[in-house]
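Each of the next two complexes has chain A plus one more chain, namely chain B in the first and chain C in the second.
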Partner chain A sequence: MSDQEASPTSGIIKKFLYVNRRAPHGSNYAQEGLEVALVGAAFEQDVAMAYIDDGVFQLKTDQDTSEIGTKNFSPTYRALGDYDVKKIYVEKESLEKRGLTQDDLMPLVYEDEDDDWAEKPMINLVSAAELQDIIEQSDVVLNF
Partner chain B sequence: MLHTVNKSPFEKNSLQTCLRLSQPGSSILLIEDGIYGALKGSDAAANITEHLQDRQFYVLGPDLKARGIDKSRLIDGIEIVDYDGFVKLAVEEPKVQSWM
Partner chain C sequence: MKFSVVVNEGPYTHQASDSAYYFTRAVLSQGHEIMRVFFYHDGVNNGTRLTTPPQDDRNITNRWSDLAKEHDLDLVVCVAAAQRRGIVDEDEQKRNSKDTNNIADGFRISGLGQLIEAGIQSDRLVAFGD
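After this line comes the complex of A and B, so read on.
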């Protein structure tokens, strides 16, 4: 690596937003999006997740793939907090359209190092208008 | 005739087209992401509620379970089948049309 390139620990931190718009088990998008986000977080980037459209189904509680013969990656969402991901945005309009409420979503938390490692909720319900600003303020937006 | 739908009604129009082009008396089985069409209280629920009187609707249980959708969340009148039930429907009906 030349010394002009940014190494993972050189201190260049960008705001990454991972936009997830697909349901979890009908295609690979959801699992790929989650894994790539964890990679970004492992490289000490400022990672936020957005769940929009059918992407909100990824966060549904009680997913159990034992009868469809695929890997259940649903528990992996709980690892986001361990990778220092603190921001998950779920679009309210997408939830409502699907007859879901926040109670249907996994209660994901992170430990806040600035507050004696208290567990804090990661999921923020946001309106489309708020999400516009979040997308606009991100440095890198990746879509799954 | 048995019609299967495997796409989410929020992402694709497979369910709408299936309902438009299937005859009254048809059996409609929702599988994979198609099961989201069975959610009570969603914007897509009218697709099914408007056809409950002249179509028989089924949903594949293992696909519901994978997606964390409890049977209490389904539109009333939809029957849950397992894989054996899927096979039984496919054998009983003269033809199968897959809306993908």
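After this line comes the complex of A and C, so read on.
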């Protein structure tokens, strides 16, 4: 991503929400969706991620792709905090339907610059209704 | 109003590129502005000039090229997605020592930052995908 250049954006800060709906492997929407979030950090926007439906599997611990010969990019999610993404919303109903709890998800954290760089959890479990409000309050919503 | 359009699927398999094309035309015909059309995921496959559909079918790539020429559109293919899928312009050909290139008229290859910038600067960012 070294060829990316932040363009002048005249000080506009918008709320970006990346909605991830698909399982991490089986298609590359998850991987390329993650790349957008990381590149977007250079633009100093207000960025949040949402995980719904099979998208919740993207945050699952202990992913292992060695048997299917694809790249295991799941460690990259741990970098989100370093790229100024502080909010991750995971839809409760989607987790429950798949027999998952928050304990099955990677413990993602960010360092809070307003609190002596203390590590804070990034993942917030929200209901479908709450997520609806979050989507409505966002300026730019991209689905992956 | 200023619009940008995102195309996330390739031509022919999905309707996304067709819908995005018709949407873009409609936006222009209503007197609005298209800041950029950004091709991502398999959407980058819309940008190869080597496409040769049967004569009785639409040529999706040429259609985009013609529209770009007519309205001076900025058609941007994501470089990371393009490299994975073999969409190559002259610069990329040299940089990666490839024996040819295949980018269609009116398309250019650039970074994902162009997508973020479109989101920031447009009044509406409208995405077409599966």
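A few comments on the model shown:
Throughout what follows, the second predicted complex is superposed on the first by the 134 of 144 C-alpha atoms of A that agree within 3 Å, B and C clash if a C-alpha of one lies under 4 Å from a C-alpha of the other, contacts with A are read in each partner's own complex, and residues count from 1 in each chain.
The criterion applied here is as follows: contacts are C-beta pairs under 8 Å (C-beta built on N, C-alpha and C of every residue); 3 or more make two chains touch, one makes a residue touch a chain.
These figures come from a predicted structure and were not determined experimentally.
Of the two partner chains, chain B is the only one touched by A:D54; chain C is not.
In the superposition on chain A, A:T76 makes contact with neither chain B nor chain C.
In the superposition on chain A, A:Q132 makes contact with neither chain B nor chain C. If you check the complex, the residues on chain C that touch chain A are 6, 40-41, 79-81, 111-117, 119-121, 125, 127, 129.
Partner chain C is touched in their complex by these residues of chain A: 1, 3-7, 9, 12, 14, 16, 28-29, 32, 35-36, 39-40, 42-43, 45, 139-140, 142-143. Only residues 22-26, 53-54, 57, 60-68, 70, 72, 74, 97-99 of chain A touch chain B when the two sit together in their complex. Those residues of chain B that touch chain A in the complex are listed here as 6-8, 10-11, 32-33, 36, 39-43, 45, 61-63, 65-70, 73.
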